[in-house]
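In the two assemblies presented below, chain A is common to both, partnered first by chain B and then by chain C.
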Partner chain A sequence: MTEFVILVTAGLANGSLYALVALGLVLIYKAQDMVQFGFGEIFMAGAFIGYSAYAYLGLSYPASFLLAILAGGLVGLLIERGLIRPIAHFPHMTLVMVTVGLSFMLKGIFRIPFAQDVYTIPPMFGGSPIIIFDLIFASQNLLTTATSLVLTLGLLLLFAFTDLGKQMRATAENMFGAQYSGINIGLVFATTWGLASVMGAAAGILSAPITALFPDMGTRILIRGFAAAVLGGFGSVPGAIVGGYLIGVIETLFGFYVATALIDLSAFLVIMVVLIFWPRGLFGTKEITRV
Partner chain B sequence: MRISLRPTGIGLLGKTALIGLFAGALPAGAMAESGVTDTTIKIGLFGPLTGPAAIHGQPVNNGPISVYMEQNEKGGVHGRKFVFVQEDSACEATKALAAVKKLIHQDKVFMIHGGTCSTAVSATTEEVVKSGVPHLLMAATMDKLTAPVKKNIFTVQMTGSADGRGMARFAASIPGVKKVAIVGRNNDWAETKIQPMRQYFKEKGIEVVARETLEANASDATAQALKLKKVDPDVIILVNYPTESATLLRDAWKYGLRSKSKDSPAVIVSTPDLLDLVERVGNKEVLQDLYGITVIAGPFGSPEMKKWEGIRYKHFPNDIKKSVAYQGVAGATVVIEALKRVGRDVTREKFLAAMEGTKGLKDHGAACSISFSASSHQGCNDPTVWTLTPDGKVVNLGPVWRDLSKN
Partner chain C sequence: MEIHRLFTNRLFTPALFVALCLVSTATNPYLQYLLNLILVYVVVAVGQMIILGFAGQFAFANAAFMGIGAYTVALLGSHFGISYWVSLPAAGVLCAIVGCIVGLPALRLRRVYLGLMTMGFAELCYWLFLHWRDLTLGTDGVKVEAPTFFGIRLDTDDAAFFVIVIATFAMVLLAKAILASRYGRAFIAIRENELVARCNGINVPLYKTLAFTLSGFYAGIGGGLFALAVRFVAPDTFNLLQVVLHFAIVMVGGVGTLSGALLGALFLTMLPEVLRGTQAAQEMMYGVLLVGVIVFMPKGVAGYLIERRILPPEVLVHGWREEVRERDGIPQADAKPSTAE
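Moving on, here comes the complex of A and B:
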């Protein structure tokens, strides 16, 4: 039982990063009906911006975190305004291919200063973990989980209680209807990309103390974020969150109870099983089209 | 914190370009062999200059390059100076093959001194053998790259099987060891080390109680740490790169697999940079009973490495200060000595014969005495093991365990 709780706790910490990435993917998918294949590089950019603030500017970890997510949001805004909006009316495949190109471009940019090594930020809590009864909670895991929960909650509150959030939901439901009712669609799209990128960058800087940073680090997290979004039901915000946590927990439980060799495979297995047997995912709804 | 210092690429490019321009301005003269002019010998290098294994790229390449540049300052070898071409393999098979094809067919190098990341390098073997271009491996360790013998491929890097046997021999020499757990990647590179390790333990009657997988760049090792805790090994052997080794060490401490207790299992890792590993973990207490296997002559800053560190920082003053960057240094000395024996009339055939004639070569930055023969192109298979003293100093223990407190 003790092991199970430890595994679930560790899985939730990893899963919270996957949830943030899945959230970012889903936000963009809901707004513009496209998968942002360059989202792993937003994660990577957030990690390196945070790292640079910490290592070169000498900022504290919280200040570096703040700078990373703000910069991540700005990158998202710039991508929407500079790359996506001019071709927003192009075929779906064109938009998707632009995001693939974006992925290569961002990797290329970050390889210029960071290609020759792997980097890391020391853990915020390097010492002993918190032990309650027989249960061991790693401080860094708790910090990661709590921060991602706060961000997720903030996003949900924004959707529920702010005009901008309601406009974003309305646009996701019916873009043309929203436009006819006077909603500034451009602002909604820009905000969506900005907020999605804030989530990706936050996941990146949160991962910096627990993993190695290198310009190609985004692919691994993109696959897990994608698996989380698929599991939750692509297009569902609560689904992305739950899917992320579940993927994290599945990985650690698979590793312990089945085989550690399956940890990296488990995200792919989830994608395959869900697509075959449960294509709408946990929270996905059946689309009804009037003909 | 940043793990390493850098900019070496621009300096190297500049120097290479200057030497290249100078060479290009000279008449072709008696061009004895592809990649050889009256005044130059062109050496091709490839390695993971980008990507997650980039720490084994430019920093490792700079080791032999600095030795070649030092030789250039002495007038080169028989009047010829070394010029270099570098390509990126990114630790990927397809890119490694493309890099090697470019070096051989487009850049027309005399020889290749490169290749890090065994799996990627193994994809280049067929092309290299077909071309006949001499190839001295840089830091790739997989046995099959050089065994059975390929006429034009050599290594002075410890092979995977020697590495595995060396780790096993050291583990078995620790007093009271009966149960060993092995953690590693799930690929050829790791298995090349793990198979001979298992064989050695079987011969010594030591039980391998676990074989767990820890994949590249893993950011969590909770499942592995808890599984290892259940089997309670005396020694854990990590066949991983430093990034994921740090993850396991961190989680092993976190979940009580390792502690300050005397019964805490020792850990043997595949990297000599123990201080770097401790820094990555962010917890100095993990240094207890931590051992790293290597063929490098001595820890960073030790008397054994003074000469090689001096040469490196003379040519690359901003280069990283880690032992891992010295993996390829010994090879440059081997090449220079072989070319000296060849004389002025350089051909690939003569060079390969001279390489095979290398016997008992010392003073090259590796812990071994380097020898090749017609039946073995693996020149250095005697690893040594380093550890950390309680005050955080890296010391060379030798091939078997000894009690540092009794020194």
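Moving on, here comes the complex of A and C:
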């Protein structure tokens, strides 16, 4: 039983990272109906920017974290403004292709300084794990889960209570309608990409102390985030969060109880089974066909 | 004489075939290998073009079918000593069946869901190639036996070229015939609007399954030819990057054009060979070129060339039939109703 609880908490920590990435993907999908294939590289960029701030500038971990998410958000903003907006009227499949090219570019850019080695940041708390009754929690896992929960909650509050959040929801609902009501949809798109990239970069820097950093690290997390978003029903914000935690837990349990080699595959197995029975994910809404 | 008439000339295909054979006599081993690989990717690209470019289904399982095809040929040859001439069609048929089976649950899925489901299948197959060591020998890979043709061992790239070029021409001509028939038109109708297709009496699930089967067949034959061209099959060839490559070939070539499959395969097979420098520099240039081509030619290379009347217009080009009609002086359907159509 203890073992099970420990596995679940570790799974939740991983899952909170997947949830952040899935949230980022869903935000962009809701705004522009497209999948951002370069999102794994935003994650990678966040991790490396945080690493640089920590190792080369000598900043503390919280300061590196802040710098990484701000820089990540800025990268997302620039991509939207510089690359996506001029071609936003292209078919969605074409936009997806552009983000695939973008992912190669970003990988190349970060490979120039970081090609030689695999990098790590020491854990934020070097000290002993926290013990409650006889359950042992790795403090880094708790930090990861807590930070990602705070970010997620912040995003949900932004959606629910701020004008910008309402404008973003309106734009997702009906872009032209929003535009006619005087909403600056350019600003909304830029904010969406910025916020989404903040989520991705945050996941990157949060994962830095628990995984190795290398330029190709984004692919694995992109797949997990994508799986989490689809599991929750692509386009549903709560679905993405739940999906992320579910994938994290299932993956950890599969890896421990079934076979370690299955860790990378388990997310897909779950998704394939879920999609056979719920073709729109767990929280997806039925598409309305208009003639 | 307009350039695009050249391509519709009935002598064009035989002339291209002869030209390719002549070129192959003048190549060094490296160029011969590259030429073989381009031809193999043409077949693979046609497979992905059928499902994604014509039927409009976001299916990315073709890398897996290609892997199954390549492994079928390699393993039948090395384990059972079965001749390449039997195992190549077997690979095609097996992948057609697998494609059909994958297509069945996919009938209920749309867009991103279908994309993830098929990508999951590709990842599952990659995992099996990697971990089912008893069958696939895992990361060690499988060496492909050279086929024999009436006692002559076809174990060089020059010899393999003739098998590949004949198979590629046959497959492309077959695809051209199928896509120009009622099947191809049904695929396009489903891509443009599923509901309208259904109202016009098209059995949507049937034709979608057909598209999956056909696409699997092409990927399987492509994989079998790939095994012949590289003579060594290893799991890492069929990972996510292969999935992305197939998608890129279709998008760069031009969605919904057969010539796009050919041009996309040509460019994206040559691109990594042309790019020189460190891995970082290669990746950056690769990314910049992909983005650049799409930004400046959103309809792909083939779409761009068709618009400039360098390539002949194809039966139905994605979403811009009216432009072609207008340019060619054919009146709009709604402007002048015609009973002939």
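Keep this in mind: the second predicted complex is superposed on the first by the 290 of 291 C-alpha atoms of A that agree within 3 Å, B and C clash if a C-alpha of one lies under 4 Å from a C-alpha of the other, contacts with A are read in each partner's own complex, and residues count from 1 in each chain.
One rule holds in what follows: contacts are C-beta pairs under 8 Å (C-beta built on N, C-alpha and C of every residue); 3 or more make two chains touch, one makes a residue touch a chain.
Every value quoted in this text rests on a predicted model; they were computed, and no experiment measured them.
Engineer: Clash or fit: what happens to chain B and chain C when chain A is overlaid?
Structural biologist: fit
Engineer: Is A:Phe256 touching the first partner chain B, the second partner chain C, both, or neither of them?
Structural biologist: First partner only.
Engineer: Tell me the contact category for A:Arg111 with respect to chain B and chain C: first, second, both or neither.
Structural biologist: Both partners, chain B and chain C.
Engineer: Between the C-alpha centres of chain B and chain C, what angle is found at the C-alpha centre of chain A, to the nearest 10 degrees?
Structural biologist: 70
Engineer: By the touch definition at the top of the document, which applies to A:Phe214: first (chain B), second (chain C), both, or neither?
Structural biologist: The first partner, chain B, only.
Engineer: Pick one for A:Pro122: touches chain B only (first), chain C only (second), both, or neither.
Structural biologist: first
Engineer: Based on the superposed arrangement, let me know which partner A:Asp264 touches: chain B (first), chain C (second), both, or neither?
Structural biologist: In the superposed model, A:Asp264 contacts both chain B and chain C.
Engineer: If you've got the overlay open, could you tell me the nearest Cα approach between chain B and chain C in whole angstrom?
Structural biologist: 5
Engineer: If I apply the document's touch criterion, which positions on chain A are contacted by chain B in one structure and by chain C in the other?
Structural biologist: 111, 115, 261, 264
Engineer: Quick check on the complex: what are the chain C residues that touch chain A?
Structural biologist: Against chain A, the touching part of chain C is residues 58, 105, 108-110, 112-113, 115-117, 119-121, 123-124, 127, 131, 195, 240, 244, 247-248, 251-252, 255, 278-291, 294-295, 298, 319.
Engineer: Over in the complex, which chain A residues touch chain B? Could you list them?
Structural biologist: Of all residues in chain A, those touching chain B are 3, 6-7, 10-11, 13-14, 54-55, 111, 115-123, 126-127, 129, 136, 138, 207, 209-212, 214-217, 220, 251-256, 259-261, 263-264.
Engineer: Per the contact definition, I'd like the list of chain B residues that touch chain A in the complex.
Structural biologist: 1-4, 6, 8-9, 49-52, 54-55, 57-59, 186, 212-215, 217-220, 222-224, 226-227, 243, 246-247, 250-251, 254-256, 279-283, 320
Engineer: In their complex, what parts of chain A are in touch with chain C?
Structural biologist: That would be residues 29, 35, 83, 86-87, 90-91, 93-94, 97-98, 100-109, 111-112, 115, 219, 223, 226-227, 230, 234, 261, 264-265, 268-269, 271-272, 275-276, 279-281, 284, 287, 289, 291 of chain A.
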